[in-house]
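Sharing a structure, written as structure tokens. Questions coming.
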Amino acid sequence: MGAPFRLTRRVQFYETDAAGIVHFSWYPRYMEEAEHAMWRAHGLSIHVPGSLVGWPRVAMTFDYHTPLRFEDEFEISIEVVAMSARSLRYRCLLSRDGEPVATGSMTIVSVEYRPGQAPRAVPLPPEVAACFAVAPDTPQA
Amino acid sequence: MGAPFRLTRRVQFYETDAAGIVHFSWYPRYMEEAEHAMWRAHGLSIHVPGSLVGWPRVAMTFDYHTPLRFEDEFEISIEVVAMSARSLRYRCLLSRDGEPVATGSMTIVSVEYRPGQAPRAVPLPPEVAACFAVAPDTPQA
Amino acid sequence: MGAPFRLTRRVQFYETDAAGIVHFSWYPRYMEEAEHAMWRAHGLSIHVPGSLVGWPRVAMTFDYHTPLRFEDEFEISIEVVAMSARSLRYRCLLSRDGEPVATGSMTIVSVEYRPGQAPRAVPLPPEVAACFAVAPDTPQA
Amino acid sequence: MGAPFRLTRRVQFYETDAAGIVHFSWYPRYMEEAEHAMWRAHGLSIHVPGSLVGWPRVAMTFDYHTPLRFEDEFEISIEVVAMSARSLRYRCLLSRDGEPVATGSMTIVSVEYRPGQAPRAVPLPPEVAACFAVAPDTPQA
């Protein structure tokens, strides 16, 4: 049962829009950056060239509380909140100077791509399942 | 009470990722493209330079059913499913050759930005409220 | 010897930045959209799943004359201006209401990716070479 | 006369395309990230809300030597190679483990935006001119 994984990040100019704030489509990318950094911290990668297993995203949500602006430094905190035989669900909090900016969630599925066959959901590889203890005070899916 | 607004779109190469499919962060952009095209079809714009009113997004969801690939042609169908004094909620369906690809939703708020004051939610401008009849068989928020 | 290929396009909100104009990194994407549409118009595709041949970009330039803004409609005009045994070079003009917006160029190379071997430049496939007559008044590379 | 400014960066998944490599449109963004970090290191910002001065890009080039892939760590090195009364020109080198990946250049102009007037090029603000000594062995523009 681990603490959330944390990543610090600065807003880039190309992430802003004509309203002067970060475009809302960047938040899923921020969440994914933190996800991939968390996997790397466990010695894992979400995308291994040549591997038959991939991790398509099947659901995503975001609630936006306050805007981010150019050069803002902010923190992304992510944790696994549910694990089933074939899927993981994350919860993500973005904050700036301790102030909540946005909250997100994402569900990913372990899928096997065999040439000539339709993709199919497969059990989480054991090395992945072993890494992602579900966060405390969260009922397992 | 109108029919959903429809937009046809083709997948661009820069929207794909190393898994060979459209990256999931593009779907909110597809939804927004359809939203803005629907506003234009009503003679409206979501972003009028010099206007004090803006439309920040406060919530967004997506469920992904099947991937899109380079050069796929697909349809985005969007409609207003809830309208409150200060907000609109959309439902969006992406499909390819009649097959569902993804479903999304998005809530936007009418906000006034007066110089030297904190932004505040304001009633929908009457010309906006008049345009977006809530889709049938949908309870109004 | 054909006329330039033309594509009409509208600026999307997510393409703008906090300066209120289209971010300069979008122009290469606009150029590529027109390139791929031109290939489709010839019955070709720049990316054929399973094919051993790919088209990496080896050089790109842009000169920016006047900004584009949200919802601007503009035209992209592209043509092949040089063809060598293994490469193509394009010239691209963006304009809005007849006014030049930006000019670009891009060179792509025909590369074969054989498993277990280093990628290597190969002669243009004959069906590609046959399509792209070099624009008149342009010396062939 | 300073050394080039250096920034280390990792490839994000959303920066890759269906060819399995970073899409070429990301390199201008990488160059700009390094530019903005260099300005911050000098206590400057390229975009100051409320300021009348902006820095539109008027020219950009890139030559691509070898591809970048997901999770590659690479270095961006940038320096000012020319300074005129109203403009700066940068040269940029991307490398991975000491191997050149791409080389780029970019020219930006100091522009004043006064309400109700056309934008016009203005002399570089003195605090900017003072910071960017032109790199040695480079003739000044």
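Every chain is named by a letter (A, B, C and D) in the order it is written, and numbering of its residues begins at 1.
Simple rule for what comes next: a contact is a pair of C-beta atoms (placed from the backbone, for glycine too) under 8 Å apart; a residue touches a chain by one contact, two chains touch by 3 or more.
Since the model is a prediction, treat every value here as computed from it, not as a measurement.
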Any chain that touches subunit D and subunit C: A, B
Pair exhibiting more inter-chain C-beta contacts, B-D or A-D: A-D
Distance from the mean Cα position of subunit B to that of subunit A, given in whole angstrom: 23
Averaged-CA centre spacing for the pair subunit D and subunit B, given as whole angstrom: 34
Averaged-CA centre spacing for the pair subunit D and subunit A, given as whole angstrom: 30
Multi-chain contact residues (two or more partners), subunit A: 13-14, 18, 20-21, 25, 29, 32, 47, 69-70
Contact graph of the chains (line, ring, star, complete, other): complete
For the subunit B and subunit D complex, residues of the former touching the latter: 13-14, 16-18, 20-21, 23, 25, 69-70
Subunit C-touching residues of subunit D, taken from the complex the two chains share: 18-19, 21, 24-26, 28-29, 32, 47, 54, 56-64, 67
Complex interface listing, subunit D residues touching subunit A: 12-14, 20, 29, 32-33, 36, 40, 45-47, 49, 69-71
